[in-house]
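Down below is the structure, laid out as structure tokens.
Naming follows writing order (A, B, C and D), and every chain is counted from residue 1.
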Amino acid sequence: MNNVVQPLPAPDIVRCAYLELVVTDLAASRAFYVDVLGLHVTEEDEEAIYLRSFEEFIHHNLVLRKGPVAAAAAFAYRVRTPEDVDRAEAWYAARGCRTERRRDGFVKGIGDSVRVQDPLGFPYEFFYETEHVERLTQRYDLYNAGELVRLDHFNQVTPDVPKGRAYLEELGFKVSEDIKDSDGVTYAAWMYRKQTVHDTALTGGDGPRMHHIAFSTHEKHNIIQICDKMGALRISDRIERGPGRHGVSNAFYLYILDPDGHRVEIYTQDYYTGDPDNPTVTWDVHDNQRRDWWGNPVVPSWYTEASPVLDLDGNPQPVVIREDKSEMAVTVGADGFSYTRQAGESEEPGEEVGFKLGQQL
Amino acid sequence: MNNVVQPLPAPDIVRCAYLELVVTDLAASRAFYVDVLGLHVTEEDEEAIYLRSFEEFIHHNLVLRKGPVAAAAAFAYRVRTPEDVDRAEAWYAARGCRTERRRDGFVKGIGDSVRVQDPLGFPYEFFYETEHVERLTQRYDLYNAGELVRLDHFNQVTPDVPKGRAYLEELGFKVSEDIKDSDGVTYAAWMYRKQTVHDTALTGGDGPRMHHIAFSTHEKHNIIQICDKMGALRISDRIERGPGRHGVSNAFYLYILDPDGHRVEIYTQDYYTGDPDNPTVTWDVHDNQRRDWWGNPVVPSWYTEASPVLDLDGNPQPVVIREDKSEMAVTVGADGFSYTRQAGESEEPGEEVGFKLGQQL
Amino acid sequence: MNNVVQPLPAPDIVRCAYLELVVTDLAASRAFYVDVLGLHVTEEDEEAIYLRSFEEFIHHNLVLRKGPVAAAAAFAYRVRTPEDVDRAEAWYAARGCRTERRRDGFVKGIGDSVRVQDPLGFPYEFFYETEHVERLTQRYDLYNAGELVRLDHFNQVTPDVPKGRAYLEELGFKVSEDIKDSDGVTYAAWMYRKQTVHDTALTGGDGPRMHHIAFSTHEKHNIIQICDKMGALRISDRIERGPGRHGVSNAFYLYILDPDGHRVEIYTQDYYTGDPDNPTVTWDVHDNQRRDWWGNPVVPSWYTEASPVLDLDGNPQPVVIREDKSEMAVTVGADGFSYTRQAGESEEPGEEVGFKLGQQL
Amino acid sequence: MNNVVQPLPAPDIVRCAYLELVVTDLAASRAFYVDVLGLHVTEEDEEAIYLRSFEEFIHHNLVLRKGPVAAAAAFAYRVRTPEDVDRAEAWYAARGCRTERRRDGFVKGIGDSVRVQDPLGFPYEFFYETEHVERLTQRYDLYNAGELVRLDHFNQVTPDVPKGRAYLEELGFKVSEDIKDSDGVTYAAWMYRKQTVHDTALTGGDGPRMHHIAFSTHEKHNIIQICDKMGALRISDRIERGPGRHGVSNAFYLYILDPDGHRVEIYTQDYYTGDPDNPTVTWDVHDNQRRDWWGNPVVPSWYTEASPVLDLDGNPQPVVIREDKSEMAVTVGADGFSYTRQAGESEEPGEEVGFKLGQQL
């Protein structure tokens, strides 16, 4: 293998495409993802359920696989051509990453794929070949009041955000938004290939862990309905955070927890990022509208809890502790909720006022 | 019976409460009202299905009864006290109307009731006693994307609108809106007891016939979903008119047709009428925003088609032809669609301009 | 003074009609209610601003009056007839309450009125006469994205909820919902005259104080827009609680604070209560979905903060401390947020499970 | 015509970016686009107004320029790099098309650009350089109830759709949907570069003419508000068609007419097309849900009326008559409205049933 990394072209990644999720009780997970959230079953057996959202036309965008430890087994991206799978394999191998190629795919409905253990410790998959299934877009007879229409993005916890960001930029991702402080610490970054705010985001913290997977809805009331339904089912304790409006991304959002504690975001109405000079928006970590535009508190569990990720042998990856400052520590008070720094308490020049705007181009 | 009508107090009517509808194919009607529209079955047997909307707490607000001729069998109103049933019986008897009292009710879930053949030929029912059932208001686990939440109103076709209006005013209804022309012809009137724009409306035409029954939704998107679902089921030919915004009532609306051609309106967001001096809004028949605020055409079938109503023996009432001008004739052009009179074509003073506002207090 | 209370008929109250609010900085309050919330100015001068919502047709439903101490000066109800003002005056006088009658009204746009200092210490007003103004219902050219359409209700803090409830029931109010515990303590009660869940509510706490005034919107997205706009204006610190779905009332809600700290609720989609046997729904104080159906925490300030109310001389009423258990104390943990009692920690029989449903008929 | 077309690479087009529209009364057009529709003025003078929608971050996406004849002066596309402007110039020159390059741009806010008279007779522009302005995405203080958020697409009338389609495919566009009949006639085609259903569409008819420009909203209620506002302003005669749900594209839509008769579509919620194998959906011209999923009629003016387009000298292009069958002729009945072919009246095999589904992968 060539030890000059630069000449190797990165694969042309189209979008985040599916997540393989290990769950400990398949029936309980089915009740959550199918009966509560209304995802559509493409195929299922004793070991796994293949699910897709309303406007997906490939075989699935979520695989629930039964296993002993709840974890994320693969973050899968679709690439533009079959050759881009080769490129992905070579690109990671050139970085010394373990890779595994399977011509018949790792899961049903997906063909020739490569899985890698990436430089951050995450199991990434790249594929082009996939089985097309009925796109349900106009099957309004199947449309439930809280319908999930697209897989929007992944979110990954990693201790060193600048390192992760640099790696993903080399892989071809662009940065739509990030959260920093005036000491130059980066707390989080949002990275995209498709023309939305992100296909994946990096959240600073002990990692590698999966923070969440996000599905989008058509409108805001669809998200409210999911809350209302969870209230009716008396599982409101599985509503972790929101609904609210993100500062970062501008999307209307909700975070809920599946039976294993895997976090799912429901998300709608971020913005178009397809222009070549789409600006990166930087938010100050002390702007308390950055994570909720209405200033509603971020609950501590949202910062601390996340799912293990598996290596290519199916074992949980060890977690590395974040050494940079933690966003929770710098923004959450003794009462367990976030606050906005008041005038006078600032340690950093330029942060004297309680609210600061994200820098926008 | 006292032949001095005046001293007899009218029953204190609370609201329109349910419609008994005769359908010719119970399974087909069930598919429409339950599978397509999502009404909830309280009880059903070979002969009848008792349905209620999401926020109803009495036994039903729609009864589908199997019969040889598609027709409306009873427009039922709830009254404030058990004694108001006696008052209703006496009030109609004093007017020479045929009445029938059943202590156990005419349908399941309803107790002591009186049915009358009213002065316009409609079968009206008045009851107080009813079986309470689970109010589904917070059963969001049952909430479909086009959920119907309340019975809003009836709409009746009658040849002589002023006569019908005077009768209903004596019965205690108030008039929220009407459509007239400058010759003093009344084309329609909206009458209410509860604090909405109407519990029933009178539409000028050959009658007695039932024009439609209307259910309300929470929001406008629920109505759009009903259209989308009917499109998905390839029954868009059952969408007769709309969706649109009414001029009269200001509600967002849709008219659809059930398997027998009974017209159902889906309706949301009219206004509060509970103040004692709530004004009557009068619209000019030549204002083409009166029936659709966006000026979209009223299809001719909406003016001409309606359901028979039954007498107390279950036979269809003969229909009397309207002698006053027809709204369709004065507003619909040779192309079969409504128009707005242009400047210069007016025969009537004050109607020179193309658009005229409803007179509002 | 007549000491036989019973024979005196209560006034026939139609609905809560307007609030007179004393504000300390009229320009700041105008910026909040007119520029941020979009209420419509009927009339204004150096001393007061008369505001109305989109679907109001009387002169105003909120009066902002400049004064030295931020407080609620009058909770005004409309009555059915001019004579009901006399009845109100006599009814309160018979209870030994101070009353003041003004044939020309206390504020512009309102005629013959009586103000009283009620048995709970609140300044109540009753009037029939009022100036009609343009109902803006179809003035969609004036409709802002967060438009407030109706005054929905008042909310009053009082130490002894059962006493307050008994008084309001004598005055003709009915109870739609309440919050109790298994020891028989009542924490709050919702009371209505119009056909919604309430015209006013009693919240147990140190009082008399005004907890909030509530305006309704057409749809849920209108409320989200108000949050988004407050975020854009960087006044998200004035968003106190929500948005959320109430358990009690089922309405979608938001609480915000005006420049003086007066609390305003924005509210939509509760249910019809007009039937004579509309059931009272009782919630257990330990059901953590009672105040937010999604189980989101109630912030402590929502329990503790409220506005003074004035006596008929314009002086703040002294506040009486609640002696019954406080809802916050029994439901909010050491972290300052509410929780649901877990199995095993119950002191009270029947409360062993974490979640309990409101008892519904 | 250069017969060695192949070697010249097509410019990498990012998206439709702005339309330059000639209007005859700048004040009247400003009233429509700014006061009614709420587009934001970036810059204006006596001759032109530069407008942008809420989520645009380049200088404008609509230019209104005063002129003697209402017409479309340029359909402008953004390209990925400055060099793509060179590529565009060469690509069209190689096809014998007249081109004009201006290093300082043809309009304010845009730098180095080339305008061409394309093979179909349309004035196309390609540019990379542009002035960035404030993206208003989170300026909810400026958000009106019918806010337009993005420029979505153009729609062009051309007589020979297959020819136009082939040309645009060579230019790099892909086809998301089309309308055909069983004789192989193509009636319309939807072509995209960004990841939505289209950046432009070709509608068969006498051309070159501009059929419409389309802006998107966040949600469906925003579009309903535009109708409601036009009703309130008594310009409902400028609502030409809709609102409705498209079959093709699945978007919720509305067509309105500006003071010169230029057609504007308001559009929301089509679907993602970014995958490399996104399928082309073909609709049968006899499927009457193809243009309105609810089967509501297409008004004849929508088929027949369109705006002239200008050549590079600013003169209206002559119009060539369509020789293929017209969609209106094959689908609209004697009453002037579209219908669905009933069983038995079909001339073409396979079209015996009234409704036919679009062929979807």
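One rule holds in what follows: a contact is a pair of C-beta atoms (placed from the backbone, for glycine too) under 8 Å apart; a residue touches a chain by one contact, two chains touch by 3 or more.
Each chain and its UniProt protein: A, B, C, D = Catechol 2,3-dioxygenase.
Keep in mind that this is a model prediction, so the values were computed, not measured.
Student: From the C-alpha centres, identify the chain that is farthest from chain A.
Tutor: Relative to chain A, the chain whose C-alpha centre sits farthest away is B.
Student: With contacts defined as at the top, give the pair, A-B or A-D, that has more of them.
Tutor: Higher contact count goes to A-D.
Student: Just give me the whole-number Å value for how far the CA centre of chain A lies from that of chain C.
Tutor: 42
Student: Using mean CA coordinates as chain centres, what's the gap between chain A and chain B in Å?
Tutor: Spacing between the chain centres: roughly 50 Å.
Student: I'd like the Å distance between the centres of chain A and chain D, where a centre is the mean of that chain's Cα atoms.
Tutor: Once rounded, the distance between the two centres reads 34 Å.
Student: Send over the residues of chain B in touch with two or more other chains.
Tutor: Chain B, residues with two or more chain partners: 138, 219-221, 228, 231, 247, 293.
Student: For chain C, which residues are in contact with chain D within the complex?
Tutor: 138-145, 147, 219, 221, 225, 228-229, 231-233
Student: Could you pull out which chain B residues touch chain C in their complex?
Tutor: My answer: residues 14-15, 55, 57-58, 78, 80-81, 128, 132, 134-135, 137-138, 150, 194-195, 218-220, 247, 250, 269, 271-272, 274-279, 293, 360-361.
Student: Could you pull out which chain B residues touch chain D in their complex?
Tutor: It comes out as residues 219-221, 224, 227-228, 230-231, 234, 236-237, 239, 243, 245, 247, 252, 288-289, 293-296, 335-336, 340, 354-355, 357.
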